[in-house]
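Next up: some structures, all given as structure tokens.
Two complexes come next, and they have one chain in common, chain A, joined by chain B in the first and chain C in the second.
Moving on to the complex of A and B:
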């Protein structure tokens, strides 16, 4: 009994925090999405499902939805593949210091200010005439690419930046997972004459199941919510809205169009998408073993 | 013993905490009043406001104004959320004119008393306060005339190198732009006339419609009408400078440049660029160029012989309606203080603004301090208030249609204008 009281006492602050700052806003957002809502006005009337039905005819919303899916699935896939490869390469170093050095180098972009790095990319790396990438392309005889001004290329630029900015976090998680695999498993494989590829495929890959589950879910969620690069790296959502995603459209609708009810409806759609994908992914990659 | 030490430590911490909570009035008497003022971050502007505040505080013993600044990109959202909340924001708000449209109908801003309001509306240009008026009542004082037409930057070195001179008519402007443009394959070495930026395309378009003697709104003023022959002609003319004359490209609207158009002018990559006079100081300070020698601020030729343009409100000052009565009274006093000619002149000059007050805009003292503004002060009477709608959405609609039309997404100018008209009228709903 005493133990239970202690548990409640310890958990109460975080539960209160969760109720006030997570659950309550979700409920309020849900309610607002059924209203024509301007917080400054006293005339906020119930519109039923109008905000949701309007979404189906809203071209900008449909573009944002498509762009969001393209961005999230391509970036998350490339992010995880890159992170896993780099983590595996880092694990081959015997020295702890060398491993830590590489992890630190790859993790540095994660702790830098996203707004600042996005400005650096938009003003120094991606510009068409003076950008670093085009200087390199021109040096090897290739033509310049309009990284931020061509609607067909804008999403590629955003994906390149996002992977650079976020891959370090997953490298740390995969490195921790790889380091946690007992060495005797690899030693047994060595005795059987397995090469590095076989060891990776038969040992590392399956035993990283738990790390995978966590990495996929948290990377999916964070990428659906990404905002800074869409607001800073590209100009006004990119040419022909080629860089418009749901998070940015929510902000635009709420604070530029001042339509909080409609913005809440879009938020709810995003919330449902993230929830369904997270549940599917958790169910799909459940692990029932331990070592 | 341990318990005693811990108790003493905790007491000490509590005393310090309580002392911290009471902070803010240290050194002043209990009758002192501190007003909070929110502005966007801009160093010369901050310095000018501080000078005004010092002068006001010297005349009003016991009244203090604490200034808090925010990056421009966050400022609108901060102002909006604080006015929604009604508490914890500022007593005095620096406000971009168009934002006031969202607040004036809901009683979040204090109404300016009738006598002072009449004085302000009589002494300032109509386009500077249109968005601050709701049901004939004024909810702030305008600081500047936000003019996006009539003036442009020219790179004198590039003009000289090309053997060209500053154009004085629309046809000359086009010819000079074409002759001054230097291509290097598909890219530009010099853009002759870089008018493609977020503000210039919509404002030039509307000015070209008005200059032809028609309006961009219907007669009763309740809807946009950009399907007139004059509107089509104006839009097509602007687009042809990109698609046929190739004097610039769409980079200013689509992104991809390392610098804005006017900055590229200072970097020697643009010959002419229409922008407000606020860009002059950047050329002098950041690019270390000399006005009159390396570059100049000159009159931009009008599309026809009749100069007409539309302008949205620029920066203004408003008082929060949720401030208590005493603070509202003092905040109003501050507004009256900065509205005085000498204080406003210092603000306008320091912030390189065109004054909202007619007497200041036409004064010799102002033109002595900002001689390059003369090309604009002579045309202020030709401007009209753009209208009570969200100008961010208006710019977005015009610019998106412009990019799409130049990219060949519309079969004809008629189709483009029909689409734009629908988009614009969607803003009014």
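Moving on to the complex of A and C:
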């Protein structure tokens, strides 16, 4: 079909919208990262690559970078393992009611507002005396843990929360992947007397391969960008910046220190990390997959 | 052989049932503790932290949220923004997806690639330019800043285009023989044809906008303009010593959404599995 009027009546406004709200900001962000830029001051000047070279000597940035990588890789690894384990357990049930009941329970935290669940964890789950976790630990005779006050533990608390709040997505995706594997493949394995582990290693794992890679990359991308729990769950990035990550550092530099040029340089680092991951995923999705 | 296998499967199912049940209890525990604390007085929470259920059941926390804060204004803001954004995104995604899928014109390929690339743009890295743009437009601290920029969704366009690609071309040929206008074809053939995609797009957009914390944090300032997630963290810092009211506020935000989810869980879970997005 080629009604020109209709095509451009639809495409023009939507492309204009994208130019203003997506493409223009990308360019603005790029340009500003080469400036000393404070929105409240009139004295903003070009500094070349200074913002980027300053990054290398900024201890806070290096801490944030390290924390981000530790957080992302540990959380995503545990998230994927848990999701796979739970999805596999769910798939062993024949009854659809049991399956959807469990899926629903694990997915429940995913639909909740992160700001609200982060408040619940910070005020009711992690506090030292009234928090649910320590109440349980004490009840079974274990000592209390200072979940949000001990610099060595803060990241662990953030990881626990992040898995609780996000693993449901991957359970659903893996469940769908496992359900999509034709049952005759498993029946054939049964005839050969394969046990559950062999079936998982030789059938589920390889056939889940494609969706598995997709899920890992998507989870990595979303975790690199996580912000809410770092802003709401912990106070002032935790003791000794133990919970400071890149997204929070960008926010702090831009909106609390008003140093937007420098914050844009940090953004660019995060941007590049995520773009690399996205391109890997794009490359991969061009490979065809079929059972 | 057959009996042996059933026995083994039964053992396996019992084992995984136990594992899943324990995990399910762990996953639901924060909800339980939030609700339980919301019905205790703050004094009771501090005095008897180990009590699972309230000794003296009280609604004072809820009363405080509903009377001492503009809760219904926040709820209204959230509903208003989310409903408009969702309806508009459904419209723009499906109609742009339709044009990209079924029409031939110059620049089509390039435009499609632009959309694919914008889909990958990380929001966390765009905080500053977005903020500058919004304040440049004079939309700072105005909820319009949460509405208009969300009108076109690259992901939505992509999703709809994929579904429209799969609609059989005979459908369109018949309509063209009848001399139906482009918009009528869109309305009468495309929209009903991609209902599953529109369903998951509704869920996806609704959840994204409804739960967004970061964007309102950057664009909004005054209390009366806040949306629920932002208001939640604001409320909890305003009432640092009032645990009961804070948990009541969290319950008021989380429980209705959870109930909606439980009612429509089949569609939700199908939609999420279909789009695979987060």
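FYI, the second predicted complex is superposed on the first by the 249 of 291 C-alpha atoms of A that agree within 3 Å, B and C clash if a C-alpha of one lies under 4 Å from a C-alpha of the other, contacts with A are read in each partner's own complex, and residues count from 1 in each chain.
To be clear about the criterion, contacts are C-beta pairs under 8 Å (C-beta built on N, C-alpha and C of every residue); 3 or more make two chains touch, one makes a residue touch a chain.
Since this is a predicted model, take the numbers as computed values, not measurements.
Superposition note: with chain A as the common reference, chain B and chain C are in steric clash. In the superposed model, A:87 makes contact with neither chain B nor chain C.
Judged by the touch definition given at the top, the superposed model places A:24 against chain C, while chain B stays out of reach. Judged by the touch definition given at the top, the superposed model places A:224 against chain C, while chain B stays out of reach. Legend: residue contacts after superposition of the two complexes on their common chain; A:144 is shown touching chain B, with no touch to chain C.
Look at A:39: by the touch rule set out above, it reaches both chain B and chain C.
By the document's definition of touching, both partners, chain B and chain C, reach A:255. Look at A:124: by the touch rule set out above, it reaches both chain B and chain C.
Of the two partners, chain B and chain C, it is C that touches more residues of chain A. Once the two complexes are laid over each other on the shared chain, residue contacts for A:240 go to chain B alone; chain C is not touched.
After superposing the two complexes on chain A, the stretch of chain C that clashes with chain B is 131-139, out of 131-139, 167-175 or 257-265.
Touching of chain A by both chain B and chain C, each in its own complex, is seen for residues 39, 122-124, 129-131, 255. Residue ranges of chain B in contact with chain A, taken from their complex: 76-77, 80, 83-84, 102-103, 105-106, 108, 187, 198, 250-251, 253-258, 390, 392-393, 396, 399-400, 403-404, 407. Contacts from chain A toward chain B in the complex involve residues 38-42, 122-124, 126-131, 144, 146-151, 154, 234-236, 238-241, 255-258.
Taken together, the chain A residues at the contact with chain C in this complex read 1-4, 6-7, 10-11, 14-15, 17-18, 20-29, 32, 39, 86, 89-90, 92-93, 98, 100, 102-109, 111-125, 129-132, 135, 138-139, 164, 166, 169, 172-173, 175-176, 190, 196, 211, 214-215, 218-219, 221-222, 224-228, 231-232, 246-247, 250-251, 254-255, 260, 263-264, 267-268, 270-271, 274-275, 278, 282. Chain C meets chain A in the complex at residues 5, 9, 12-13, 16-17, 19-20, 23-24, 27-31, 33-34, 37, 45-46, 49-50, 92, 95-96, 98-99, 102-105, 111, 114-116, 118, 120-133, 135, 148-149, 151-152, 154, 157, 172, 176, 182-183, 207, 210-211, 213-214, 217-218, 228-230, 232-233, 236, 243, 246-247, 249-250, 253-254, 257-258, 261-262, 265-266, 268-269, 272-273, 276-278.
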